[in-house]
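Consider the two complexes below, in which chain A is the common component and chain B and chain C are the respective partners.
This part shows the complex of A and B:
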C-alpha cells in the first residue's frame, strides 16, 4: 500500500517537475530578453521608446505577478485572445521578472563611468560599438548575480500557475492530497524538490558568473 | 465582450472590502517579519557550529522554496499538530516567516557593514555583549538598512494575493469570487491591478517619508553613541548601494 502511494507520488511529482522546469526555463529566457530590450530602451535616445519602456517597467513592477498571470489567463479572453495556461504562465512570469531585470540592466549600464563613454567618443566608436565592446563586457558580469536572484524568484513564482490549472509540482501535490488524503508527504516532497531546483539555479548562476569573469573579458 | 463600466461600479465595494484585508495582512506580516528577521540575523551572528548551520540551513530552505507551497503546508498541516489557526493567522505566519528570512539577510548586511572599530571600542568601554548590540551595533545597522526594509515592504504588498489561495478573502479573492459569480473576469482583475498600482504608489510615498523621519530621529537619539566613532572612520554608509541587490 505504502509502496503504491509512494510510486504514485513520485510519478506525479516528476510529471509536475517537467512543467515547472519548462516554465522556469522559458520564463527566464523571456525575462532575459525583456530585461535587455526594455532596460536599454529606458536609456534610449528616442523619447518614445523611453516612455514606452518606463510604462512597461512601472506597470509590471507595480502590480503583483499573481494578478498579471490571472489577468492574462482570465481577462484576456475578453479581447478574443485565448491563451493556454502554459503560455499565460510563461508570459506572465517572463514579463514580470523581465521588468525587474530591466531595472538591473539599466542600473548596470548607467553604473559604467562617464569617462568610458567619453573615451569611446574620442576613439570615434559608433554607438553600437561602444555598447558591444566597451559597455556590455563591463556591465554584464555586474548584472549576473542579480539575474540569479531574479531567476530564483521566477522559479518560486512559477508555483502560482497551479492556480490557473496548470499541472506543475504544486498542482500535483494538491491533487495528490485530494486523491489520497495524505497531507504531509506531498507538500514536504514538493518543498524539497523546489529547494533542489533552487540549489540548481544557484549552481548554474555561479558557473555562469565564473565564465563571465571580468578578468577574462577585460577590454 | 468589452469593458463595461457598470461592472466596475458593481465590483468596487467588494474590492474595497478586500483592500482592507490586504492592508491589514501586509502590516501584520511585516511586523512579524521585521522582528523575527532581526532575531534571526542576530542569532546567525552570535551562534557558532551546529546551531549556526541549523539556522542558516533553515533560512536558506525557506528562502529557496515558494511561499505558496509554504502557505499550503501551514494551512493543511498545522491542524495535525493541534494548532488551529484561522486562515488569516496562517497567512500572517507564513508571510512573516518567509519575509523574515529575506529581512535577516538585509539586517546581516547592515551589521556586517559596521566597522570592526565599533566592536573594539565597545569592548574597551567594557560594554556587555547585550549593551554592544543594543546601544552600538543595532541602532546603526538598522538605520542604514531602513530604505531596503521599505523596499521589502512594498514587495510584500504585491505578494498578498497569495492569501486568496488559502481562502483569505483579500482583494484578489474578492475579485475571483465576483468573477466566478458573474462570469466576467476582465473588470474585476483589471481593477485589482489598478488598485495595486495605487497602493504601491501610496506605500512608496509612506516608506519614503517614514525612512526620512526615522532616520532623522535616530540621528538625534544616537548623538551620544556617535561620539564613540573613531576619528578616522567614515561610517556614513550610502544606503542606496543596498537598493539594487
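This part shows the complex of A and C:
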C-alpha cells in the first residue's frame, strides 16, 4: 500500500469528519432547544401550546428521520423553500432527535413530586422562580443520561445525509472505496472514528453530569 | 381615624365565611364558618378524613373553594359571586399569600439545596433579603431550632425531627403573620414531641404569630392551644378552650373521640 493512498484516506476521513462533527454538534444544539421548548410546551397551561407541542413530537417521532431529511431537502423547494444540504441535515436531525428529547424533558419535569410545587406555593415563589430554582435543578440531572443516548443516536443517524449529497465520513469512505477498490481499510477507519466520537460524547455528558449535580456536602 | 384603626385591629386574622369544598362531587366542607383572632393558637382535632388538612390547604391557596369567601385580616382572597368565587389573579393573591406560611406533614424540603439554602433562598426570592443577610438570618434560625451545626448538610442527611425543624425555620424566615402546621408531630418519635411543643411555644412568645395546627395528639393540643376545634365531616362540632373541650365536651362525637361517656339526650 502506498503512502499516497494512505494520505488520500487521511484527507478524506478528516473532511468527512468535519461534516459529521458539525452535524452532530449543531443538530444536538437544535435538538436540545427543541426538547426544552416542546417538552415544556407539552405541560403548558395553554391548551394551544400543548396541542402544538404534541403535534410536533408525534409527527417527528412517528415518521422516519430519512423521510424527514428528504422532505426538508427535496420536497420543501416545491414550496419555494430551498435549503442547503448541510442546513437540511442539521434541521432534520435536530428536529427528529428534539422530538424524543421533548418527551425526556416532559417526564423529568413531571417526575418532580407535587410536594415540591406545593412547598414553592407556600413560600410564595412565582411560577418562573419555581421552575428555575426548584424544578429545573432537580429535573435536569435526570435528563442527562437519556440526552447522552439521544446525542449518540443523532451522531449515528448523521450518516444518512450522504443521501442528500453531503460528504460526511460514511460518504467519504464510500468514495474512497470506489476510487481505490479498497474495502477493509476505509470502513475499519470509519468504524474507529465513529467509536471515538461516541467516547467523546460519553465524556462530554459525564462532565456535564458532574457539573449539574449538587456537591453533596460543602463543609 | 382612631375608629378606623380600631376596626382594623378588631378584624380577625382569618375569616372563613360559608366556605364549601367538594372533591369529585363529594362534599368535604359545607358552609363552614370560622374566625381566628390575631395571635390565637388554634388546634384542629378530629377523625381522619374530616377535612382538617383541606382547611389548611385552602388557606395556603393550594386548593380553591367552591363557594364562600376567605379573608386574611379583612382582605378577601376570592373575587366574583359568593357561589362562584374565583381566586384573585396571581399578582394580587401573592400579596395575601406572603402573610401565610405552612409546615407540611412531609416537610417539602428542597432535596437539591443544603439546609442553609433551603432557608435562605425563599428570603432572597421574595425580595426580603440579599444573599448575605438571608444566610445570616438562616444561621440564626438554625441556631434557634437547635440545628446550628447542620447548615451544610442536605435534607436527606437529616432525621425526621431535624427535617421538621428545618421546615419550621424555613417558614419562619419569611416572617408570616399566620403559620399553618399539618400534623407536625406525626413523623416524630414520641420523645421528640415535647421538643416541637417547646419550639412552637417559643416562636409564639417571640413573634405573636397566629397559628393553626392540625394534630392527633390530645396532650400536645391541650398544651399548645388557646382554642380547640373539633371537626367531624367538615363541620366544627366543638369549639372552646382546651380545658372545656377536653373535660366537658358538649357534642357526643367529641365525647366518643375522647373516650368519654356519651350523654343521652
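Definition applied: the second predicted complex is superposed on the first by the 212 of 219 C-alpha atoms of A that agree within 3 Å, B and C clash if a C-alpha of one lies under 4 Å from a C-alpha of the other, contacts with A are read in each partner's own complex, and residues count from 1 in each chain.
Please note the rule applied: a residue touches a chain if its C-beta (ideal position, glycine included) is under 8 Å from a C-beta of that chain, and two chains touch if they have at least 3 such contacts.
What you see is a predicted model, and the numbers here were worked out from it, not measured in a lab.
By the document's definition of touching, of the two partners only chain B reaches A:67; chain C does not. Contacts of A:210 after superposition on the shared chain: neither chain B nor chain C is touched. Contact with neither chain B nor chain C is seen for A:11 once the two complexes are overlaid on the shared chain.
With both structures placed on the common chain, the touch criterion links A:118 to chain C but leaves chain B unconnected. By the touch criterion defined above, A:184 lies against chain B but remains apart from chain C after alignment on the C-alpha atoms of chain A. In the superposed model, A:137 lies in contact with chain C only, and not with chain B. When chain B and chain C are set side by side, the one touching more residues of chain A is B. After overlaying the two complexes on the shared chain, residue contacts for A:129 are found with chain C alone; chain B is out of touch. Chain contact summary for the complex, chain C toward chain A: residues 60-62, 90, 94, 97-98, 100-102, 104, 106, 108-114, 121-122, 125-126, 152-154, 157, 170-171, 174.
By the touch criterion given at the top, residues 58-59, 62-68, 70-71, 74-75, 78-79, 104, 107, 145-146, 149, 152, 155-160, 162-163, 170, 173-174, 177, 183-184, 187-188, 190-191, 194-195, 198-199 of chain A touch chain B in their complex. By the touch criterion given at the top, residues 1-2, 61, 63-70, 72-73, 76-77, 80, 158-162, 165, 172, 176, 179, 184-186, 189-190, 192-193, 196-197, 200-201, 244-245 of chain B touch chain A in their complex.
Against chain C, the residues of chain A that register as touching in their complex are 115-116, 118-119, 121-127, 129, 133-134, 137-138, 214, 216-219.
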